[in-house]
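Below is a structure I'd like to ask you about.
In this document, chain identifiers A, B, C and D correspond to the written order of the chains, with residue numbering beginning at 1 in each.
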Amino acid sequence: MNLDQDERLLLAVKHYLQVRQFSIKISEPLTPEDCAIQSTPDVSPIRWHLAHTTWFFETFLLKTQPSYVVFNEAFETLFNSYYNSVGQPFPRDRRGQISRPGLNEVHQYRQHVDEAMKTCIEQNRFERHEWDVLTLGLQHEQQHQELMLTDIKHGFYSNPLHPAYHDDPKVNILSPLNDDAKSQSSISTCSMRWHCVEEGIVQVGHAGKGGFSFDNETPRHRTYLQQHEISSRCVTNGEFLDFINDKGYTRPDLWLSLGWAHLIQQQWQAPLYWICDGDSWSQFTLSGVLPLNLNEPVCHVSYFEADAFARWAGKRLPTEFEWETSANNAAPCGVFADVLFRNREPIHPQIEAPAEDVGINMFGNVWQWTGSHYSPYPGYRPASGALGEYNGKFMCNQFVLRGGSCATSSDHIRATYRNFFPPETRWQFTSVRLAND
Amino acid sequence: MNLDQDERLLLAVKHYLQVRQFSIKISEPLTPEDCAIQSTPDVSPIRWHLAHTTWFFETFLLKTQPSYVVFNEAFETLFNSYYNSVGQPFPRDRRGQISRPGLNEVHQYRQHVDEAMKTCIEQNRFERHEWDVLTLGLQHEQQHQELMLTDIKHGFYSNPLHPAYHDDPKVNILSPLNDDAKSQSSISTCSMRWHCVEEGIVQVGHAGKGGFSFDNETPRHRTYLQQHEISSRCVTNGEFLDFINDKGYTRPDLWLSLGWAHLIQQQWQAPLYWICDGDSWSQFTLSGVLPLNLNEPVCHVSYFEADAFARWAGKRLPTEFEWETSANNAAPCGVFADVLFRNREPIHPQIEAPAEDVGINMFGNVWQWTGSHYSPYPGYRPASGALGEYNGKFMCNQFVLRGGSCATSSDHIRATYRNFFPPETRWQFTSVRLAND
Amino acid sequence: MNLDQDERLLLAVKHYLQVRQFSIKISEPLTPEDCAIQSTPDVSPIRWHLAHTTWFFETFLLKTQPSYVVFNEAFETLFNSYYNSVGQPFPRDRRGQISRPGLNEVHQYRQHVDEAMKTCIEQNRFERHEWDVLTLGLQHEQQHQELMLTDIKHGFYSNPLHPAYHDDPKVNILSPLNDDAKSQSSISTCSMRWHCVEEGIVQVGHAGKGGFSFDNETPRHRTYLQQHEISSRCVTNGEFLDFINDKGYTRPDLWLSLGWAHLIQQQWQAPLYWICDGDSWSQFTLSGVLPLNLNEPVCHVSYFEADAFARWAGKRLPTEFEWETSANNAAPCGVFADVLFRNREPIHPQIEAPAEDVGINMFGNVWQWTGSHYSPYPGYRPASGALGEYNGKFMCNQFVLRGGSCATSSDHIRATYRNFFPPETRWQFTSVRLAND
Amino acid sequence: MNLDQDERLLLAVKHYLQVRQFSIKISEPLTPEDCAIQSTPDVSPIRWHLAHTTWFFETFLLKTQPSYVVFNEAFETLFNSYYNSVGQPFPRDRRGQISRPGLNEVHQYRQHVDEAMKTCIEQNRFERHEWDVLTLGLQHEQQHQELMLTDIKHGFYSNPLHPAYHDDPKVNILSPLNDDAKSQSSISTCSMRWHCVEEGIVQVGHAGKGGFSFDNETPRHRTYLQQHEISSRCVTNGEFLDFINDKGYTRPDLWLSLGWAHLIQQQWQAPLYWICDGDSWSQFTLSGVLPLNLNEPVCHVSYFEADAFARWAGKRLPTEFEWETSANNAAPCGVFADVLFRNREPIHPQIEAPAEDVGINMFGNVWQWTGSHYSPYPGYRPASGALGEYNGKFMCNQFVLRGGSCATSSDHIRATYRNFFPPETRWQFTSVRLAND
């Protein structure tokens, strides 16, 4: 396509507003109070997400624009997440303890910044490296959109009333009374097949050209894979229930030592959001509490649980490079947040398609824990300045997840994408894919 | 006055609605988010206060009424504070982590209960002991009204933006630009005089007749007072500043051992809400940050600080019975929340009147720590049933405060009234009155 | 008796050495490791007790003597317990983490100080107020002797091997194989009778003359007692077992709110040292694990448990002044540590004598929780200087115990003696005496 | 060498006793109290190490021998470290709270087990797989010997008296008054050179034959190395001081996020055991406090500090496979614990030899943090049964260290050896080797 500059700028504005608008769309069903709470220090209030993503553009792009008028000087500290170079961030675990600025004021803040951004883009005021920051800012906002959905889910679950996020009757809710849900519960998943990969040198990582990537995906480099098999789909709720019924949560020999300590301390007996009703199990979802569908991929398990399940099954988790190598040939066929919203479908993992011809499904639906610690690639260089704090400083005691989930935007994911969380994390849409030597 | 029953019932309805309405009045300047936050486990969200006080009437009066339809069964647990007899209360430190029911729904809950209560009163459906519970429920709500004001203050202070509760220009705000405030800052307090009381047997406590009292004020009984002096007014900010400037917060010999441990751990250097700006001091108030007025009574000090100040001054805190004996002859001349609201004046302690003829001012303005541990009176009997949990079970590791404050309603206080808090508590309007052997 | 000065000095030396020697006697059955451990922050290593009591004499009496050579400068900090005036004490919870000075060196320290003390006394070098400090130092050591016994008990209990302190076959051990023990287990306690006391003014506290008292027992003053009854003996294990069997540890209505929180957190189900063996109960003692003797006074209960038992029984705990008033007329007939040691009998509470003619037994055997918070008496003045830190600064969140125990020396106790501990304390020999309005 | 079976058995006995005796040798200078303390939960009492290493042989070799009489049944729990398959281990953080069995009894336990082991070996009673367990038990004991030395160092450092472990005048103590120490302080280290390694496939890991290895070193496998440089020696105290003087401990941009949080919480300002005396630095060693020798390798740094130093220096830590590849060609020329003991030299890192012809020194002296998370090798299989708990379950949130230290036995180390500790660990002899892309 041959666009002149004005067209490119118009497209850039359109893309900017589209991404920004999706954050608002996610928060639309919420009350001001829903946007205020922080149900555990790991999550953040939705209002904070809306403000912080805005702060990102203001801090890293607008503040240096001569004509820009800062919305509120105090926001610099208040909505800084972890950028020590920018100043002392407001303590993370107290984000739910401040009531002002309120939701309305945060919306005004967003409009103020969006108008300034729009003007700057339209008038082509950004320099070359600032266009990269703009792209990063939109990717950053997409990451927070996923966090918003997972944080809303955790907040609603923490409330004994168990409110549903998808309570709009126009949304195709996965409720027991809903015909689609009923019919879905009778869908079977496909059988788990094993894809064999030969040993040898492979190329992994992002080349850093031809599309956006985070710095942690680079540089592209050679690595050596051992021969292995990788499973064609994720573990299902039914398979995970077998693990539970086989006393998986009471046998320390199946667990990493730290994982067992967590299990004891947190009294884990099942994945997060599973609810035991005597004999049967149900599951809290963004559509409220629903019967556990045994054919869906298991979700909201920690690395510890994923690892223990794999050990119980006589398998292991794939490394991130095993995963990436298989993903290079796989078509994204899972569900993604933007598509689900567009189709008025609930944010929830789908039963993996029964059709045998899909080959292997690596993307969407649920994140997959890999056995790889989140470490820098050989030759890794973080970005300079404050944005160098984006990824590198978190490369300790976290594990890599791959593939994206039903809460990820479809244009945000790729085969080289590295998500990462501490091994005890459960509130993300995280699941188990198996590998074997 | 000779009222027939209908008039009495009408008056009861009026009184009920008046007290209930004052809670709404207090919350009126607040946003839904302001009503949602819990800035520290000691405080509760305003929305919770509004719901819990309503729960009290529903639980202890309406549920036994055959015609009453419970608003929401889940509220029984959600808004139970600490009544183990009623069921497992929702964890106190998580009150700020739930967003539903929202403020609107809580208002509906209040209306639902208020209408049912109105009907029951008008139709004279309550039995004799239920009228006592009704009175208790209103006294309970007045206690929570005071907590609402102190919790709002703490919540706003915890926000780096330091928002003001009294931001209505129609309220006579104590701001630096306000003429009244200016003129007030030049008012001097009266000099501290000492009232001598002879030793001997006195009667203390409430007789339990002729007006409401909590069970902890009874039974009225004899006690023996030693000869002592009690100060005519509370310690001022200026006097407390002398203590600070004399290194009061760095000398362990002035402090109780537990108090010193708290000081070290919490890094106390001044009363809560005092802000040191290099050489000068200011103070966070419900009208925002204002210069510290040296003539006002010191406020927001813990028992530990009150006790340390007294030791430094070569005095001691009065016992609760010394206080009560002097209060029996004193006229309430401090300020109270209901009066301040009516007059559109800010909730803030007043400089104690300079007029020498007041004698001794014991009531209103600021609570006064006594040296007395909160213990049962000889022959104390808690109420039967769940309401027996109201007072007695807290009689451990708390100290008695007397007198009421600018956040107390004027018809809520009396000479026998016993307030109580743990000795490290600072977020109430608490001050120091001295005594001497 | 008419003693000349030399005789008085000789007697003083003898008394000094006698008290000091008893500490050694207590530690004799112990290994160096037994003397090194700290099984919980509340207890201290025995070696620390031996050194700290020595430090007391060195710091408050010898350091000012021109001829005295300090044993080791570093001990000033290392063995300071809580005297901020003397310097920064070594952290209490780390006392069990230091291995040097070892037990031998601590014994040398004791000898060094004892010789210097002996010389000073013999040569009459102390001034009048120093004689008071000497007396205080010996009383202080007696207090630590009681702590040594309770800390040994806790340390041995914490060890899964449950070693016995009294393992010398020459000691009359309360073991199942021991005839005396067997015969004792068949002894019944006397029945609980109630002594009625009329209301009126009484004198309480120590006059401060005619024998030693701690500052917290003074000044003697008038107080007013209500009419009440006080029980003739303490509650027995059998009576306390009735409370347990009546679900006393699972009914929150019987407990103070703080006590219930402790019970939940600490999972209390019985007094400390009670061990449930399915159907029957045994008890860890200084002679090892023995069957629970139902006739012995209950022991190792917290204030919370004492208070809950009293509430369950429809009674209450006596106030400290009620206790003292009854104790004024009571003969000490319980057992004491020095006597038990002399008789080679184990340190353990005795079944209260069945003879009806004892009247009321208030002293020895077990400490008795009173319902009184540990507060200063009217007109209380702490000693000046560092020794003013002995008592006054602990007058917060502790409750008064009266009467002494089987771990107290018989010449250490009196009717006005006030012991005090936080309400959750259980490792002292603490029991329940009841009162009634 | 051609040994017949008897000779082999005699040699096995000799080796067994030699390793076992070295534990005793390490503990010889210690008092019973020194062997009793636990200065922080990470360390264990020396007495516990002596018993636990003995427990290992008893549990995994002797208990199945028909003739063996268990020394004390209770030890099974008491001295179990973390083998859940063997039963519930005694809580790690309470190991310093038990005084029995005392040091003498633990010595008897060792003798009891050693005699039984000697008999079993001599009489050739072990089956083939049991010989492997015997070897493992001796390797296990050598690991604990290193821990004993580091735990002694920590325990003595925690004591304000700072006692010296090497206080035997016959030991060549690194004291300021010691001539050897003086002359040593004037020795310079060699300059840091860079060894370049080409990219390509390398073989790493232990083949599992021809000498002992832990399961975590296997299987040997191919991996791909990028081109890189590795430094010829470790970073010195002087070089690390440059980092400190360049504000290395106050610049968050140099640190991993978790590392910075640790630094803030623990108030790190220098490596563990460094003591700032105003302008100069000294260092606590096993010979007491000594001036900091700038030429010695830096020691007692966490992974966080090693990583931050490398970032400050514009370098990075080597991966464990880069380290191993260079180590394959390096001669061990550092110091080791057994050699130092034999030569009566103190356990302390040596200045790295100035001779240029050494090439690269990888072994002994100090452990070197690698940038590699401790993960299983491809195809890793833990041992079956309880011994499978030895390594695999700790593969989470730990980083690999390589090379051995002055506290390691010389026959315990090899190029494939993987030590591992959490990234905040500082009490081991841990240092920094640099690499570069």
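Note that in this section contacts are C-beta pairs under 8 Å (C-beta built on N, C-alpha and C of every residue); 3 or more make two chains touch, one makes a residue touch a chain.
Keep in mind that this is a model prediction, so the values were computed, not measured.
Chemist: Among all the other chains, which ones are in touch with both subunit A and subunit D?
Modeler: Chains in contact with subunit A as well as subunit D: not a single one.
Chemist: Taking mean CA positions as centres, which chain lies farthest from subunit A?
Modeler: Here the answer is chain C, farthest from subunit A.
Chemist: Determine the centre-to-centre distance between subunit C and subunit D, using the mean Cα coordinates as centres, and give it in whole Å.
Modeler: Subunit C and subunit D have C-alpha centres separated by 46 Å.
Chemist: For subunit B and subunit C, what's the span in angstrom between their mean Cα positions?
Modeler: So the centre of subunit B lies 40 Å away from the centre of subunit C.
Chemist: For subunit A and subunit C, what's the span in angstrom between their mean Cα positions?
Modeler: Roughly 60 Å separates the two chain centres.
Chemist: Quick one: which residues in subunit A touch 2 or more of the other chains?
Modeler: Nothing qualifies.
Chemist: Report the topology of the inter-chain touch graph, choosing from line, ring, star, complete and other.
Modeler: The chain contacts form a single closed ring, each chain touching exactly two others.
Chemist: Quick one: which bits of subunit B touch subunit C in the complex? Just the residue numbers, please.
Modeler: By the definition above, subunit B touches subunit C via 82, 84-85, 199, 201, 221-224, 226, 228, 252-253, 255-260, 303-304, 316, 371-373, 375-376, 378-379, 388-389, 393-397, 423, 437.
Chemist: Quick one: in the complex, what on subunit A touches subunit B?
Modeler: 31-40, 47, 74, 77-78, 90, 94, 96-103, 155, 158-161, 163
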